[in-house]
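Right after this note come the structures.
Next come two complexes, and both contain chain A; in the first it sits with chain B, in the second with chain C.
Then we have the complex of A and B:
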């Protein structure tokens, strides 16, 4: 393999330190958000009717929204909800993709063809469009907590095909690896070799998981901005993006940009951690 | 000869299977969604009665899945793509004018996006500048949800739907292009040619780009998927009367024939674009 220069390449140490710093900053942000949400008296849904569109003040450090709700508490809750939901959905989708990909790799011709065809069917449709279609077909009286759960479940249910293809290729490579052939030649059955395959898939699954987290956060934000995301009064990035549609609010306070800026920061931090993995 | 014919038939057959499955899957998905037989007008006493009558008619129409599918298929075979439930006109009349709008938007944004991505990756991949400097804007753009980017552009009055989609495509493609070009630029034969003093432009045109043709074609198909994914929020936020806006409207109003038609058009676009780069050698051999 041609390599230009010595190993490790110059600047790798700095990059690693940067990635570690990103992980610490994200952990810090999550801890601060948790502290804000569980602080006594903090509520993401309590309305202060006397202070609609209020600017930053000691009682509301990031101002209030159109209904007089504390923006800082809502943003903190949205961050926690979004990261927790996206991580859970990413874990589900990665596990599902691992199962489907491994099944396709170990299956016979017809089963493999069917599984790959199913992947192609899902991949033939733009993701957000499919999400929008499924999300919009839910009952109108869905509760906010259920709508949040459904949104992330739908993300998990639709996010697996690309990951499954990557896992399929990875498992095929492992299946044809020398150590696997030797194990098979030594008399191990397919089922016995499987528990050697799974640990070797982890380096492939971890990046897939980390790629899915920001993708799901962005998808939830986009859905919310279209009015198809998590229901009020639960706070979500998408719901807060909807505030930007109202130019009257923008004239009242610039704090409406705060959720967008924090969302971008969180996604950049996740991206930085992802590069390390 | 028979093998060649079979190889040539394999992809169209696969594409047809995908389209049939997409059509069946979409119908099942929408029909059995818990909210299919509900209408937001039911919440308004002024329209509730009319909405309930329409829903009762819909219930009787959608009693059998097979009947629903045959209705959709017959609509496609007639060429009118079925009848919109929301507007009560043939779907074709809704789709055609909007198809041109969306097609133009997609074409312009993909061309602009590729121009930005190729220029950026050539300068960053071939030049001596640290790649971090070039990757930062791309990473930043990818971290902004399309809806947020579109809203911010709309609020600032700078940039339109084409720019938003082009930036998204450019940011996504730049990462791949940069890596591809960097790798090709460090190939031993290119290093040798560079050492001999052959001009950069000649190297790029005669050696680097032709060797990347297959990968570039695959990336182009990925750009179409990226653009289609961004289509709905961009068209809705900028109020562009295209297919994305129509799909959003149809999804909110549970207009199955319109949804199905747009879903299939998108599936055809994505499947065809994915087919082009992957199957060219087989076609050439055939």
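Then we have the complex of A and C:
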């Protein structure tokens, strides 16, 4: 392999350390959140109706919300739910995009055209209205946990086309790479070349996965901020961000900013990991 | 990155364009002696006969001269352009005697011909004029003007509360409908900028004078800014740019109370109600056992007893709501049943009642006699913070009975689709806005044949004996010539509803308003338009 200039490039070691630090901080946040949620006596739904918008105290380190629920437990649960849901959705969407993109790259002209057209159609869909339609069509007795899972699955189902286009381009490049041409010339059938393509796609798929995670976290928060997200009493970023829409509530306690600050921190950490990948 | 001269010029030009557009969107400056407040949306029409939305209603109220006015404070009908009026014993003939010397805002004379023409126009517009419906059979109503000062209206049948109907009919110049530009009320439409403001100016020929003989209205005009943003409205009020806010949400009421305490007023319970109900429709797609729960009186009463209404009022409305047990609010002084006996919060009694009705507990979960776990959803509309909070509080209240409740917030069209068309829902939490204290206006909710009989719409015959009795009593109050008999009938309906709990009433949201200290003459009322019902007597301190 030939490269221009010195290797590793200047500054890469610092970035690698920052990347690792970000990954560790995110892992630490997740572990702390898990510990908060499963701690004995912790409940994200129990209402203490005499402690509305309570200030921080030993029993409620981040105070309580408008219904007297412990804000710290709710924020921790929202972080876990959001990261788990967004990661699962991102994994699904990346896998789907890889399959569709590779299929299009290896397909004949008409099939390829049809698949790419399908991608364009999906990209043009008004996803917010689709999500609202799906939300309203769900059986009303769908539990909050299941409706959260369905919300993320729908996000995954709508999120693959952009990623599929990138994968398609990547696979086309691999398909026309010198080593691939040599392999084909040496007598490898197309199906035999496929399992050589997949490992070479990983450097492309990992960033796609990492890009999708914050996108899905934000998409869920947006839905929640419209009041159409994850059902009560399950906590979600969006539901908590709704409080920021109202300056009357902002005056009650500064702790209402806590969820949004944590959301920004999580997004920055994911971004830091993503940039390096 | 390099900026070319052309790109810099383009960017500057765009900024100027954006700034210009922004400035154009700003309200016009306040004129001397002008009152300013906000309405939510553009009025859909300025034609007073076709008013069908609250914003157009505000404009009509301020501009339209009427024969009779329903006094929002005393809740009694008073003569206005009519000097006097009388209703015949059979309730079928109304005679109005007009004041002498009445004029329109353009200086032309106002006679009985104009009044008769305006009434006839409303009747002829039919479905396009909502006020026509209130005559019950508008096509059979006749209007005559035997002389320039008398108008006679002949009705085919007696109409309850007929006087109040004339509060909605603005007198316009005969054959010259002007969409508020020529009026007989205190103000005239002077300017309208879509999505910005409606400007009204004083009618110099308005007939009314104050006790000192000064002509009314006091204000030189009114500017109604079109703004549907409480956050911005509150900020503009605090800056002194708005003189009042009606319909203040409870959280913003608290905010204003902290920042400008003397300006806010809690007027007590409004006529509006917030309630939940179970879907009792036999044709709904719900499983048979759920229908059986919801049609079971004991089940509904137990749910009602488990709900802590004080908490709903205190938490969801910051204390600015009143626990509700009837469809008529205590603000409706004439019709509220003060002797009502309704199930109060009592979780132990609710559990006993459920046991007697065949329900049982498996661990902490409630099951019916066949072993079906009691699990249902409460539907409400997304975007209403108070309702979503109430639903979440009720979720915990009902958990104390072992009921598992899902709270589902849907956008309004999806919600209406389920309520009115598919009937695919279990319970719903919504509110009902009552602008009219007259119980006759609620017939469409209480008659079992009505599509708005929400828990079981459009029944061919009453599904239960108590619904048949509600039908009878509502019809009795609608046809009786005797006021005390009407009151008895309405009291009885309130008691049946409290016993059967088809609607589980939760709270009456309080009427919350903010009034600038500069504004004089305000006499707040709980009926709309709460603060400006006497607009002709409002003025800013320091103006003539």
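FYI, the second predicted complex is superposed on the first by the 249 of 277 C-alpha atoms of A that agree within 3 Å, B and C clash if a C-alpha of one lies under 4 Å from a C-alpha of the other, contacts with A are read in each partner's own complex, and residues count from 1 in each chain.
Note that contacts are C-beta pairs under 8 Å (C-beta built on N, C-alpha and C of every residue); 3 or more make two chains touch, one makes a residue touch a chain.
Computed from a predicted structure; not experimentally measured.
> With the two structures laid over each other on chain A, which partner does A:67 touch: chain B (first), chain C (second), both, or neither?
Only chain C is touched by A:67; chain B is not.
> If you stack the two complexes on chain A, which partner ends up touching A:233: first (chain B), second (chain C), both, or neither?
Only chain C; A:233 stays clear of chain B.
> A:132 in the overlay: touching chain B, chain C, both, or neither? Say first, second, both or neither.
In the superposed model, A:132 contacts both chain B and chain C.
> Per the contact definition in the header, classify A:267: touching chain B only (first), chain C only (second), both, or neither.
first
> Once the structures are superposed on A, label A:39 by its partner contacts, choosing first (chain B), second (chain C), both or neither.
A:39: touches no partner chain.
> Once the shared chain is lined up, is A:120 touching chain B (first), chain C (second), both, or neither of them?
After superposition on chain A, A:120 lies in contact with chain B alone.
> Determine, for the superposed model, which of the two partners chain B and chain C contacts more residues of chain A.
Comparing chain B with chain C, the partner touching more chain A residues is B.
> Once the two structures are superposed, pull the chain A residues common to the chain B and chain C interfaces.
Dual-contact residues (chain A): 132-133, 136, 140, 142, 226-228, 247.
> What does chain A use to touch chain C in their complex?
45, 47, 49, 52, 66-68, 132-133, 135-136, 140-144, 226-228, 231-233, 242, 246-249, 251
> If we count contacts the way the header does, which residues on chain A are in touch with chain B in the complex?
2, 4, 117-118, 120-121, 123-129, 132-134, 136-140, 142, 214, 218, 221-222, 225-228, 237-238, 241, 244-245, 247, 250, 260, 263-264, 267-268, 271
> Which stretch or stretches of chain B touch chain A in the complex?
Within the complex, chain B contacts chain A at residues 14, 17-18, 21-22, 25-26, 29-30, 33-36, 38, 40, 42-43, 139-140, 142-148, 151-152, 155, 186-188, 225, 228-233, 236-237, 244, 247-248, 251-252, 254, 259, 262-263, 266-267, 270-271, 274.
> Would you mind writing out the residues of chain C in touch with chain A in their complex?
Contact set of chain C toward chain A: 231, 234, 249, 251-252, 254-255, 258, 311, 314-315, 375-377, 379, 382-383, 385, 388-389, 391-393, 395-396, 406-411, 414, 417, 424-426.
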